[in-house]
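Got some structures for you, see below.
Below, chain A partners chain B and then partners chain C, in two separate complexes.
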Partner chain A sequence: MSDTPAPKSLRAVGNFIDDRFHLAKTGEKNLRKVFPNHWSFMLGEIALYSFIILLLTGVFLTLWFKPSMTEIVYDGSYERLNGVLMSEAYASTLHITFDVRGGLLMRQIHHWAALIFVASMTIHMLRVFFTGAFRKPREINWTIGAIILLLSFVEGLFGYSLPDDLPSGMGVRILQGVILSIPVIGTYVMMFLFGGEFPGEDIIPRLYMLHILLIPGILLALIVAHFMILWHQKHTQYPGTGRTEKKVVGTPMYPAFAVKAGGFFFFTFAVIVGLSAFVQINPIHLFGPFTPTSITSGLQPDWYMGFMEGALRIFPNWFDFNIAGYAVPVAVLVPGLGSLGLLAVALIAWPWIEQWITRDREHHNVADRPRNAPTRTALGVAASVVYGLLWLAGSNDIISETFSINLYLTTWIFRVGVIVGPVVAFIVTKRICLGLQRRDRETLEHGYESGTIEQLPSGEFIEVHKTSSPETVHVLRSKRPVPRIDVEATDEEGVESPEARSVMGRLRNRLAHWYTKDNISFEGVEPHSGHHLHHGHATAGAEQEPANTH
Partner chain B sequence: MTDNNNLNGAGAGAEGRDRVIGTPTADGDTLVSGTEESAASSQQRHIGPYPAVETHPRTEEQQRKGERSAALWFLVAFVSGVGFLVSYFLFPPAADGAPSIAHPATAQLANMAMGGTLALSLFAIGAGMTVWARQVMPHYEVSTPYDELPSSPKEKSSFSDFFMRGAHESGFTKRPLMRRTLIAAMLPLGLAPVVLLRDTGPLPGDRLKHTMWESGMRMVVEGTDREIRATDLDRVGGMISALPKAPHEGEHGHGLTLNEQAKAVILLIKMDEFGPDMTEQQRSWTADGIVAYSKICTHVGCPAALYERTTHRILCPCHQSTFDAANGAKVVFGPAHRPLPQLPLRVDDEGYLVAAGDFSSAVGPTFWDAEKGD
Partner chain C sequence: MKWITARRRHPLAGYVVVILALAFVGVGYAFVAPSADRAQAQTVAADAPDVDLREGRQIFTESCASCHGPQGAGTETGPDLTNVGAASVDFQVSTGRMPSMNPDAQMPRRPTPFTQEEIDNLAAYVATFGEGPAVPTNVPATAPQRSDFESEEEYEAARETYDAAYEEYIAGGDTEAGMKLYLANCAHCHSWSGAGGALTDGRWAPELHEASPRQLYEAMLTGPGAMPLFNDTTLTPDEKQDLIGYVKDLQAEPNAGGVFALDRIGQVAEGFVGWTVGITLIVACAIWITAKQRAHD
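Up next is the complex of A and B:
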C-alpha cells in the first residue's frame, strides 16, 4: 500500500523473526493497539516509568552498598563523622555519597523516583476508582494494581531502612514494635525476622534481599501481568462521539503513541532527575548513624507511610486489654497492622463488593463520569478524607509547632476529624454529584447557559440557552439508567424471593437500595426538547419513586 | 478530550478502501463529519497506515516548523548530554585531590551540575519527541473494536467437553486412591519451606523480659565512660540518659552491643517530690529522689527522650506518648498503654548510683506475654 517499500535490511530482520515466530499478524495487531487520548491515562505510565528508573538506579547502588550491620569506626572521606561507630551499611552509603561520582545523584534519583512511583500509582488508582474503570471485565487488573501498590509500600519502607541512618533505624524499630504487638505469635515472628533481639545483625541483610530481589521480582511479575491484561482487554475510555462499549478510539501504538509515550518517559525521567539535582532528599550524612538510644524530634517517614504513622499517633490506648494476663495492645495492632489490612481488603475486594451490591454483571468499557455514580464517588471521597487526615496526623508535631497549636490539641482535632470528616465529605460529595446530574439534565434539555440575558416582550428577563455541541450531548447522554433496587424486592409475580429473606439477602438489598436510591433520571429526556420542561423538573428524577417502594 | 478541534477530514476516503482488520467499518458511529477545512488535504491520495477518516494530518508548514523545533530540542539534548559527561569529570573523588566530592559543598555542586545537565538532556529529548508527535505526525483518532471477551457457548462447551474427557481418560477422576495419595504426598513438602525457616532466629523464651541490669551495677552517661554519682543529677538539670557500665571492656565506645543498649538504656530523673500514684514499692526503688525509667517507649520502642522538668513529663517524640515521671511513669496521654518500666536504684558506698536489680517489667514495645510473670 505504502509508496515506500521497506528497506532491504529491515525486511531481512523482519523475515528472520517471522520465520521463527510467525509474528506478522500478531505484530500488526499489537502495533495497531489504540490508546485513548486523555491526560489521566498517563498516571499509570508515570508509575511504570518511575519503576524502570528505580530498577536502573537500584542496580547502580548495589555496586557499592554493603548490607552489613557489622560495627566499624568510620575513617573515610566525610570528615565530620570520622571516628564515629557505625554499621558498614551506613558507612557504605556515605561512600556512595562522597566517594562515588554520581553516587549522590543516583541515591537521590532512587529516592525521588520511589516517592513519585507510589504517588503516581495512588493517583492512578483514584482515577480508576472514580471513573468505575475497575468494573467487569477489569476487576482482576484492579486487584493486581492494588497488590502492586501495597507491596510498594513495603518495598519503599525496606529501602528506606537500608542505609541505617537514624530515621531509617527508627523505622525498623517501629516495624519491630508493631510486629511484637501481634497476639500469640508476635514475639516468634519478630525473633525469626530479626534473628534475635532488636536490632541484631541480621535485619539489614535480610531487608536487603527482600528489597533488591524478592519484592522487585514479584512487583515486576505483577506489573507485567497488569500490562498484559490491559493490552488484552484494552483501555476504558471516556464517553464521547464515536466511543462506544464496542469501539475504542484513540492514538494507535504505531507510530504515534510509541513516540508520545517515549517522550513522556523522558519527561518523567527529567522531572525526577531535576528534583534530585536541586532538592535534597534523605541527607543521611546529616542524620548520623542509627543507635537505639537516640532520637531527634520531627522525624518523618516517606510520605506513603504517613497514614500509618498518623494512625499510630492518634489512636488512643482506651481499647488495649488483657486476656488472662496476656496483653493485646490494640493501640498498636489497629493502626499499625489494621490500617494497612483494612486498606488492603477494601482495595482488593471493592470491585466484587460493588458488583455484589448492584448486581451489575455487565461488561463496561466506557468510563463512568464520577457524578453519575454518586454513592461510589462519595465513598471514595470519604475514604480519601480519612486517608488525608491520617496522613496529616503523621505530622501533627510539625503542625503543632508551625501553627503554635497545643500538641495534644492537634491529636484531638485529628481524632474527631477522622470520624466527622468522612461523614461530612460523603454527604457533601453526594449532593454535589446530584447537583451536577441535575445541571447536566438541564443542559441536555435546554442547551447551555449563554450568559446573554434577554427581555421578553412581556417584560420578563430570561437567559438565552444555546444548543450544546453534539459532543456535549453525547457525553451527557452517556449516563446509563440506574436500576433502582428496592429493599423489599419481589420477583415478577410479586413473590418475595427466598434470597431476600436471608440475612445476607436483606443486607444486600438494603445496601443496594442505599447505593442506587439517589439518582437523577435522564430517561425520556430529549436533547434540546424545550423550555416548557423548565419548571418543576429539577428534582423530578429523585421523586420518581417506583410504585412498590414504601 | 484532547484536540477536539481536529475532528475534521471525516467522511472522505472511508468508503471503498480495503478495510483492515482491527479498524472500524464506515457505518454508524464513527466520527462526526467535520468542517470545510479538510477539503484540500483529503483530495490528496491518502497513503498512511490508517484510514483517512481517522487521520488528521498537520499542514506542510506546521510539519516543517515541527521538524525544526524538534531538531533544536535534540541538539539541546546532545549538548547537555555532553555537559553531563564533562561535569562527571569536573569533580574528582577524594583520591584525586581537592576540590573533591568528599566535601559536602562540592558534592552538592557536583550533584547539581550532573543532575542539571542530565535533567535538561532528558527533558529536551522528551520535548523533541513530543513536538515530533504533535506537529509532524498526524493526529490520529483510530477506532478499533473491543474484543468480545466471553467465548461463544459453543466454544465453551467444546472446551469443557474436551477437558472432562481428558480428565476422565487420564484416570484422575476415576482413580481416587491415586489422586488422594498424590495430594497427601504434597503436604509435607508444602510444610518444608516453613520448617526450613526455623533457624532464622532463636525462640523468644523469656529473653525479652530481662535485661543486662544486675544488682550493684554502676551506670555511665550515655555516650561516655563517666560513672554517675547521685550528686551529678543536681548539676545537669535533673535528667541524664544513662547506660550500664560495661561489665566487659569492648574495643570501642562503652563496650555494649547495640542489643544491650536497646534494652538497658535509662532516664535518670531527679524529682523534688513524688505524686500520689507512686506506690511504696516504687518509692523504695528510688534513691536520693532519683528515679530511673526505661528510655524505651512501651508503645513501639522509640527512645522517649524528651523531658519537661516543670510538668515532670516524659514525652516520646515518635507518637507523643506522655509519661508522668512523678507517678511511676504512668501514661497520661497518647497511644502507649504500659508505664515505662522502672529500674530499682540505690547509692553504693562510694556515692555512685547503682542498680538494685532488673527492671520492674518487660522493657520496650508491649508484646503478648509482656505483663505475665516468668
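Up next is the complex of A and C:
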C-alpha cells in the first residue's frame, strides 16, 4: 500500500466503476470486517480449501477420463495388464496413472483432498455443535452445512466408483444391494439406476454425470450460500472481555486475516500434496479391473462411508422376514439406509429440535463453553461414540487380524458397545461437565490455587489462592443462568396450561426438564468473594478484594 | 513491487515461503521419482535327490508319531495321515507348520527345522502309508540357500538354474485368467493383495508373500486346515500356474503411488493416515498461525 496516489488513468477507471457500482464503500466495509482469532474458527476453511483443490484436480482428471463401460483389451504402458479385458473407464484411469505427466499425482491429490475435505467438515461441525453456534440466528446455516456434509459422502462414493477397479465394483455392488433391499420399489429403482441388471453398461456414465456436474454444482451453490450467510451474520465468538452479543472482537479482514488465510491455504495445500507425493492411495493398478465374479476381503470404502459399512457388518439378521414370498432383508435395509437416514435427520433437524425442547428463541452470538451446556455436550459425545464404534466396526476384519482377536468376538464387542457405549459416554460426560462447572464456580468465588503453601502463626497450613485475571473472570461469568423449565407450572389461577395436558406438551415438558435440570447455578456468585481467598503479597487483581484468611 | 516489499516483512510471510517451497518439493518429487523396475523374485528350486526312506521313518518316529501315531493312523492330538500324500507333508513341514507346537491351534508359518532333503525323505515315507497327491516337482520350490552348498560357485549355479525356472513358471501364466481365478477363489480369504485376513473361530488366512510357487500349489492341492481343497480337476495345473503367476507377479509389483504404500492395507490405513497425519498437521498449523498472530496483535 503506498501513500502516493495512483496514476491518473487508473484513478479514472476506478472512479468509472465506483460511480456505477459503489464498490469502494462496500469493499471498504468488507475489508474491515472483523474475524475472531481462534484456531477452531479455521476448521471450516480447511474444507473450503480442499474443495477448491478437488475442483481443480477434478477438472484435470476429466480431460482424460472416459466414463464408459465398453469392454476393451488393454494395450498400454502398464505391462502387467497388457491384453487384459477391462472397461474403458478403468483403462483410461490407467492411462492417467501411467501415461499422463503428473496424472498419478493428480489422482492422488484428488483422493487425499477428498478424505481431508470430509474430515475437516466433520471436525468443523463438531466445533459448531459443541459451542452451540448453531443456535438462532444460525440454524439455517447449520442445516446447509449438514446437507453439504451428507452430499459430500455421496459425491465421494460416486467418485470412488468411477475408475471401475476392484473396490469401485465392490462399492457399487453394495450400493446395489442396499437399493434392492428397499421394499416394493427397490428392484425398480435399481433397474432404473443401472439401466438393467448389475453391472450393465450405464452405471458409470450416470455416476460420472452426477460426480462431475450435478453434485459439485449443488455443493458449490450451497458453499457460496453458507459463506454469504456467515458473512452477513458474522462468526460467533468465545466469551472474553469486550466481546458481547452485539460486538465482535478480532482481526480485520484485510490485511491480517487475508494474509493468515492465504498462508493457511498454502499449508493445507502443502499437506495434501505432501501426502499425495509420498503416501500411496487407491492403487487401482494393483487392484485390477472389476469383474462380476470378483470378491475379496481386506477392502473397505473410504473412511466417511465406514460407519455405514460398520452398521451393515454388525446388524444381526434376526429380523429378516418374508411377505408373500418376497424377502424383506431388514439386516440390509436398516443399517444400509437407516444409519445414513438417522444421521441425516438428526443433523439437519438438531437446531430446531433443541429450540423446541428449550423454548430458547433468543439470538446467540457468543459461543457456549461446552461444559455450560452439559446435556447437549453429553448428547454430542454419546452420538460421536456411536458413530466412532460403527466406523471401527467397518474395519473389524483388519482389527481382528492386526490385534489377533476372534472375528465373531469383535462383532459382539461392537454390538454391545453401540448400545452401552453411548449411555456410559453420556453419563460420564455430563458428570465431567458439571464437575468443571463447579470448579469454575470455585475459581470465580475464591480465585485460583496458586500452589503456594503458607504456614499460619497458629501452625496451620493453607494454600494461597490468588485472584484470577479480569479476562478469566469475564469468561467464567459468561455462564448465563439456564432457564429451568418448571414442569408443574400453572398460571395465576392455578390452572395448567393447555399445552401441558396434551401428549406432545407433556413430552416436551419432560424433555425440557431433562435437558436443563442438571446445572450448577452461578447466580449471586460474586468474583473473589469466597472466604478461602488468601492473597499473596504481590497480587494486584483488577477486582481486588480485601484479603481474608481464616 | 511495493506490495511485495510491504508483505515481505509481515510476520507470516516467512512461513508462507517455507510452505510454498514444501509444496513444490512435493510436486517435484513425484516427477523425478524413479518408476521402480519390477522387483526380483526371491525363490529358487532344488530338485529332489534320491530318497532315503529309512531316514524318513526315523524322523517320523521322532517328531511326528507322538501325535499322528506310529503308522500315521492318527491319535487324539493329530489327524490320520494315511491318504494325505507327499504334497501335504511337503507343504506342512516346509512351511514350518509341522511338527505342530500346539495341536489345538492353527500353526503360523515358521522356518522349518529340517533340510529339504530330510523333508523329501519324510514325505516319501509318509506317502507309503496310502494314496495321496505327490509333490508337484515341476513347480519351483524354495530358493536354494547358501548354507546348503560347499562353494560359492555351486551355489551361484544352483541359484541361476532356480531363477530361470522360477521366471519361466511365473511368466508362463495368463494374467487375466490368473486374476479372475484368484479373485474368484482365494481373495475372499487371503484378500486381494495376498496379505491374508481374519476368518471365523479365531482362525486366519495367512499372507501368501513368503510361500514359494510349490507351496502355493500344494496348498491348493491339499487344502490345509480351514482352507478348501482345489484339486487338479477343480483347478487344472495350467489354471494353477496362471493363478500362482498372478499372485507372485502382483507381489513383486512396485507401489507406483509413493514410498509409503501403507502395507497395501488400503482404505482403513488411508483413513487412519488422513486423520492422524493430514488433518492433525493442518489443525496444528491453524493453532500455530493463530498463536503467532495473537502474539503479533
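Couple of notes before you dig in:
The rule is short, and it goes like this: the second predicted complex is superposed on the first by the 513 of 550 C-alpha atoms of A that agree within 3 Å, B and C clash if a C-alpha of one lies under 4 Å from a C-alpha of the other, contacts with A are read in each partner's own complex, and residues count from 1 in each chain.
As a convention for this text, a residue touches a chain if its C-beta (ideal position, glycine included) is under 8 Å from a C-beta of that chain, and two chains touch if they have at least 3 such contacts.
What you see is a predicted model; the values in this text were computed from it and never measured.
Of the two partners, chain B and chain C, it is B that touches more residues of chain A. In the superposed pair of complexes, A:Leu104 makes contact with chain B and with chain C alike. Of the two partner chains, chain B is the only one that A:Pro316 touches; chain C does not reach it.
When the two structures are aligned on the shared chain, A:Phe266 is found in touch with chain B and with chain C.
In the superposed pair of complexes, A:Ala256 makes contact with chain B and with chain C alike.
By the document's definition of touching, of the two partners only chain B reaches A:Pro329; chain C does not. In the superposition on chain A, A:Leu166 makes contact with chain C only, not with chain B.
Once chain A of one complex is fitted onto chain A of the other, the partner contacts of A:Phe461 are absent, as it touches neither chain B nor chain C. Overlap of the chain B and chain C interfaces on chain A comprises residues 1-2, 37-39, 85, 97-98, 101-102, 104-105, 108, 251, 255-256, 259-260, 262-264, 266-267, 269-271, 273-274, 276-278, 280, 285, 291, 293-299, 397, 407-408. For chain C in complex with chain A, the residues that touch the partner chain are 2-3, 6-7, 10, 12-13, 15-16, 19-20, 22-23, 26-27, 29-31, 175-176, 179-180, 183-184, 187-193, 195-202, 204-205, 249-250, 253, 255-262, 264-268, 270-271, 273-275, 277-279, 281-283, 285-287, 289-291, 293-294, 297. Remark: chain B residues 1-4, 7, 20-24, 29-32, 47, 49-50, 88, 91-94, 100-102, 104, 107-108, 110-112, 114-116, 118-120, 122-123, 125-130, 132-133, 137-138, 140-147, 149, 197-198, 200-204, 207-208, 222, 241, 243, 252-253, 258-259, 261-263, 265, 295-296, 299-303, 305-306, 317-320, 322, 331, 333-338, 364-372 touch chain A in the complex. Across the interface of their complex, chain C is touched by residues 1-2, 37-40, 42-43, 45-46, 80-81, 83-85, 97-98, 101-102, 104-105, 108, 112, 115-116, 119-120, 123, 166-167, 251, 255-256, 259-260, 262-264, 266-283, 285-288, 291, 293-303, 306, 395, 397-398, 400-401, 404, 406-408 of chain A. By the touch criterion given at the top, residues 1-3, 28-29, 32-34, 37-39, 71, 73, 77-79, 85, 97-102, 104-105, 108-109, 137, 170, 173-174, 176-178, 180-184, 186-188, 190-200, 202, 232-234, 238, 240-252, 254-256, 259-260, 262-267, 269-271, 273-274, 276-278, 280, 285, 291-299, 309, 312-317, 320, 322, 325-329, 331-332, 335-336, 363, 365, 396-397, 407-408, 411, 470-471 of chain A touch chain B in their complex.
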